[in-house]
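Take this structure, written in structure tokens, and hold onto it; I'll ask about it next.
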Amino acid sequence: MAQLPFIAAIDAGIHQEMRRDTSVLYFGQNLATTENHPFVAAFGHERVRVTPISETAEIGIAIGAAMAGLRPVVELYMAEFMLVAMDQVVNEAPRFRYMSGGQVKVPLVLKAGFGFAAGWAGQHTGSLTAMFMGVPGLKVVVPSTAADAKGLMATAIRDDNPVVFLHHYLLTLEHGEVPDGEHLVPFGKAEIRRAGGDVTVVATGWMVNRALAAATKLAGEGIQAEVIDPRTVAPLDLETILGSVAKTGRLVLVDQAPRHATVAGIIAGDVAEHGFGSLKAPIIQVTARDATVPYSEPLEAYVIPDEQRIIAAVRGVLENRR
Amino acid sequence: MSVQALNAERQIWVYKQMLRIREFEESVKRSFTEHPGVIRGHTHLADGAEASIVGSLVHFRLGDALLATYRCHGYPLVLGSDPKAMMAEIYGRADGLCKGLGGSMHLTDVAHGFLGTSGIVGAGIPHAAGVAWAAQIRKRGEVVLSFFGDGAAKQGAFHETLNIASLWKLPVVFVMENNGYNVVTLTAQEDANAAAGEPLAIKAKAYAMPGVTVDGGDPLAVHETVGEAIERARAGGGPTLVESKVYRLSAHGNLIAPPGVPLHYPEHEAIAVFGRRDEYEAALRGDPVPRFRGTLVSGGVLSSRKADEIKVEVAAEMSAAVAFALKSPFPRLESALENVYA
Amino acid sequence: MAQLPFIAAIDAGIHQEMRRDTSVLYFGQNLATTENHPFVAAFGHERVRVTPISETAEIGIAIGAAMAGLRPVVELYMAEFMLVAMDQVVNEAPRFRYMSGGQVKVPLVLKAGFGFAAGWAGQHTGSLTAMFMGVPGLKVVVPSTAADAKGLMATAIRDDNPVVFLHHYLLTLEHGEVPDGEHLVPFGKAEIRRAGGDVTVVATGWMVNRALAAATKLAGEGIQAEVIDPRTVAPLDLETILGSVAKTGRLVLVDQAPRHATVAGIIAGDVAEHGFGSLKAPIIQVTARDATVPYSEPLEAYVIPDEQRIIAAVRGVLENRR
Amino acid sequence: MSVQALNAERQIWVYKQMLRIREFEESVKRSFTEHPGVIRGHTHLADGAEASIVGSLVHFRLGDALLATYRCHGYPLVLGSDPKAMMAEIYGRADGLCKGLGGSMHLTDVAHGFLGTSGIVGAGIPHAAGVAWAAQIRKRGEVVLSFFGDGAAKQGAFHETLNIASLWKLPVVFVMENNGYNVVTLTAQEDANAAAGEPLAIKAKAYAMPGVTVDGGDPLAVHETVGEAIERARAGGGPTLVESKVYRLSAHGNLIAPPGVPLHYPEHEAIAVFGRRDEYEAALRGDPVPRFRGTLVSGGVLSSRKADEIKVEVAAEMSAAVAFALKSPFPRLESALENVYA
């Protein structure tokens, strides 16, 4: 075990797989522009390349390379940059296997950051996870710890399908214990980050930290929140969430996206169908307020869900507790 | 570099492949009237482009790859795909090349080097470059052919990919089939080079890449032009943009309509939309299939009798494909949920 | 009143507004290529233009023209074609007003078809509505009748914000009574297509027809379904839905998208929060099965929600009826 | 067409504007150390591009419009925006040009013809063409300037827009500020023309559009080259691609880091990444601001004393802007929910 920042843990996951499998490629903008780049030094320019600012071609090339037997990892920096290439992400990569009747597979990883609520303002701070999660053929990963970042990246690279790997930018420098050597975290297995019997709180990415901080404060009031991190939203481990709700009867979902663009809403819909019998209170979603993310610091903080709003939501669902 | 000329036998092979494409497309077209309802969605024919397709594919070797668009029936026929399985796919049957999941727009036959198509204009161009990157890494002199239309050159994907392919010297040849139309839009109505009277191959200058224009109605000319580009790519010299000038002899695709409305192939847009009957009739007179037959027969390469025999043989092959496809069952319902993930 | 097919009703809406306001433009691919085009004949090439196959530029140009005081309507044909230009749709058009502190407005209409489950297979049959509905600054319209098609198009053109106008392609030739002369349908007002007290069914686009057909059959069993068509999903008229659920206690949502890519899920999440007290049964979503839409007819029918599945869902929520 | 030369007074005006941009940018840069935490997110400076900006904007008239990228501080200063409101915006304050909603990357001042920016590379290029369409319809001879970087020419948006602008003869001038870098990527590492030693202006050939390259460090050369393009556009002759060669004198932007880490301007990538100290020092020696001062003083257009007076005046203007911005309050919280919809 080593203490590593989140960003280094992702790199470690990629490095691990590139060493293991020569078919893994790593490319994107503004990397590998000198021989000193650690991945270039280790794996050479054949497998590690800088690309122009051409996301459509970058992702499209990854698809072709994947169909030809390679395993590309594309560094995209911000998830928003995928929007200029959204057809490749949602209407090409995940369709080829299906449309060919299973003749091809398209193993690739689209690595992108998101949610960088640090003054990056209108076009660089979005939380677009929900746009990807419902696309058949695509898998979507949202780690919240350094260890998961490494292990989920490694699993993403080994997966035979296109995977969107979303790195929350505010976690970049968060340190955590990361297993040395080969480390893999399975897809479709949620993690209970904190156990509790009074209320289930589901969150992804950086919102997991805020949920945990809220849970700590709530514990001081005698409220035990169970905090669940789905880790992958496609596939989604609904069982773990339903199991927790069966126990607590109460569900609060936290999401950095605006109200109608959330993973939270989708999960709420699932629980309202499959876990209805367990529910003792309304399912509350704590989401961003409905605005583009503003630049000014206090406004940005006002728009993004914070501890106080999570705590208030939990108190709300417990109000009618008997 | 100079490309070796084709001997008589290969020329006849070229002619036969052209005829097979034509005959297949005619069978597809007839299906709309002879077997109404059997073909759904949108179907795009390659008639008029046969010389361009076959002339390009003469150079195809084991290990090479090809990617194309929704207008994709011609290529796999030449590469060796079974027309029975192709027709079954177009009819949505269990024995289809893609198990009925893809349909006319998405024929794929990996075993024969046809990696697939995108129905989104321009989107398949980077895929071809990606396959070429894999070929570059493998270092076996394999090459990738990327086919697309003139309209596709107006998509960002074209631009972004050609720059990278040139920069990385990828072993790929971009064959733009310029058929003068994007559905009902004339090339000069949407392309600044065309409007200025310039060839579309000039676009290659924006990528420091060779760009050439060829008469896509002449399979031997295409054979030479694409052949040079392929040799260059195999030798590590990088990509080429080939503008192959063809004339699409059918309408863009069958009628677009919701279920219930019988589908058919409408009149060509040159006539139906622009009233350019002369243009269309000139194109018919220049039809590359009889044109090449004429060349071969008058050059003494092929006798009329032999040419007729080929025609009969090919017609039989394609009607067998139709018969096979008609008899093939529909896929099991649950097969709709297979192959979503690998 | 005239009987018009859906497609003609949309055209009538555009025509009405172009006649009324010279700042309205109409452009896109494969239109206006001859002088005979009815819009060219009426309004000239200055305002009606054919574009190359360049969605990013088309939509981007619309944004610029809108900022400069015009009101562009862009014909995009299939909603999937917006994916190559998704940045312009979700990260440019709806952001400019906000980021400029209200200095500009971006009135434009992106007109696109969707859901064409008619053998168009993998890349042309999607139902992407949910991708647009949660973006602050964007409005999203999904008419299901010819009259609404005209009236919502006219309202969309008069709206000072970017509007995604989604035309369900299977409705193209459906005829309906369409008011002559000026006709406007307000945004954010759901329509109760059929009244009923036993169960609330919410559907959009073509699914409204399937829901109504199911409701007719269910009426034969003595079950009265109330069928609600939100008509615009952004803004969403949650009040009407909550009002109905308050009466019926039961909610079934029908959506042509796959399970985790639906408007249905988002609405279910809202009702599970704001209408929980009214619910007597789980909220059931009838969605497409989780696959790319297959080409073969029986498979396509198997994947898309049908009457039977809607009927079964309604029966399901009524099972525990007392 | 020939552009009239600038008289002495206008030349001095040009110099003063260049200095204002430089001084503003220096104030922004100093804010990171003098007022830590006051600027958040990502801030991109125009230092090195002043001559290109001002030389282009000499031609700007009422009714014209300008659109740019995240690297957007220079233009509005020349167009007449108040540096106080600009700095307040960069500090996220209520008196900001965009009420604190936009920040450094999204300065907008419609009243002065600056319609805004996109932070997404290439995305603003079509917006400019759209504004130009409106100008074409209005027929008042108005022109639109579209500024973007060399890297942006690798986006599909560039390609798609230039084709349409040429085809429709839109009154727009595309000014590509080629500063040799896209963040830490050299132009030749990402551009096939650059790799082949060709100017980037050659890309205009793919759009049947004039393409010219100019020394962006010389405001009078830019004035002439962009001036010709603007005159042509105003006269209905259509767009031009101008490649203006500049050198960015600061790093791409400030350090990228999560909250908590103090932000600052790192060393220029030429040195920090590529170890090209000579290149960077040569660029500093060629700095367009002192270079133009030298030209004016040695040409007798401007005395050293007057030049120093201008410098003092401009420095005072910009420190007043900082002082104003520091005192401006933060916006009301509820203002975050205003202006979402019109």
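To keep things simple, chains are lettered A, B, C and D as they appear, and every chain counts its residues starting from 1.
As a working rule, a contact is a pair of C-beta atoms (placed from the backbone, for glycine too) under 8 Å apart; a residue touches a chain by one contact, two chains touch by 3 or more.
All values reported here derive from a predicted model rather than from experimental measurement.
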Remotest chain, chain A as reference, centres from CA atoms: B
Gap in Å, rounded to a whole number, between the CA centres of chain B and chain A: 40
Approximate Å spacing (C-alpha centroids) for the pair chain A, chain D: 36
Interchain centroid distance [CA atoms averaged], chain B/chain D, Å: 46
Overlap residues in chain B, where contacts from two or more other chains coincide: 96, 98, 100-102, 106, 118, 120, 123, 154-157, 160, 163-164, 167, 190-191, 340
Shared-contact residues (touching 2 or more other chains) in chain A: 51-52, 54, 56, 80, 83-84, 87, 91-92, 98-99, 121-123, 136-137, 290-292, 294
Touch-based graph of the chains, sorted into line, ring, star, complete or other: complete
Contact set on chain A toward chain C in their complex: 56, 80, 83-87, 90-92, 94-95, 98-99, 121-123, 126, 130-131, 133-137, 234, 236, 257-262, 264-274, 276-277, 279, 281-285, 290-292, 294
Parts of chain D lying in touch with chain C, wherever the complex brings them together: 65, 67, 96-102, 106, 108-110, 115-116, 118, 120, 123-137, 156-157, 160-161, 163-164, 167-168, 338-342
In the complex with chain B, residue positions of chain C that touch it: 29-30, 33-34, 50-54, 56, 80-81, 83-84, 116, 118-124, 169-173, 289-292, 294-300, 302-303
Residue ranges of chain A in contact with chain B within the complex: 25, 46-47, 49, 51-52, 54, 56-70, 72, 84, 87-88, 91-92, 96-107, 136-137, 139, 160-161
Chain D residues within the chain A interface of the complex: 39-42, 89, 92-93, 96, 98, 100-106, 118-123, 151-152, 154-157, 182-186, 189-191, 257-259, 261, 273-274, 330-331, 333, 335-337, 340
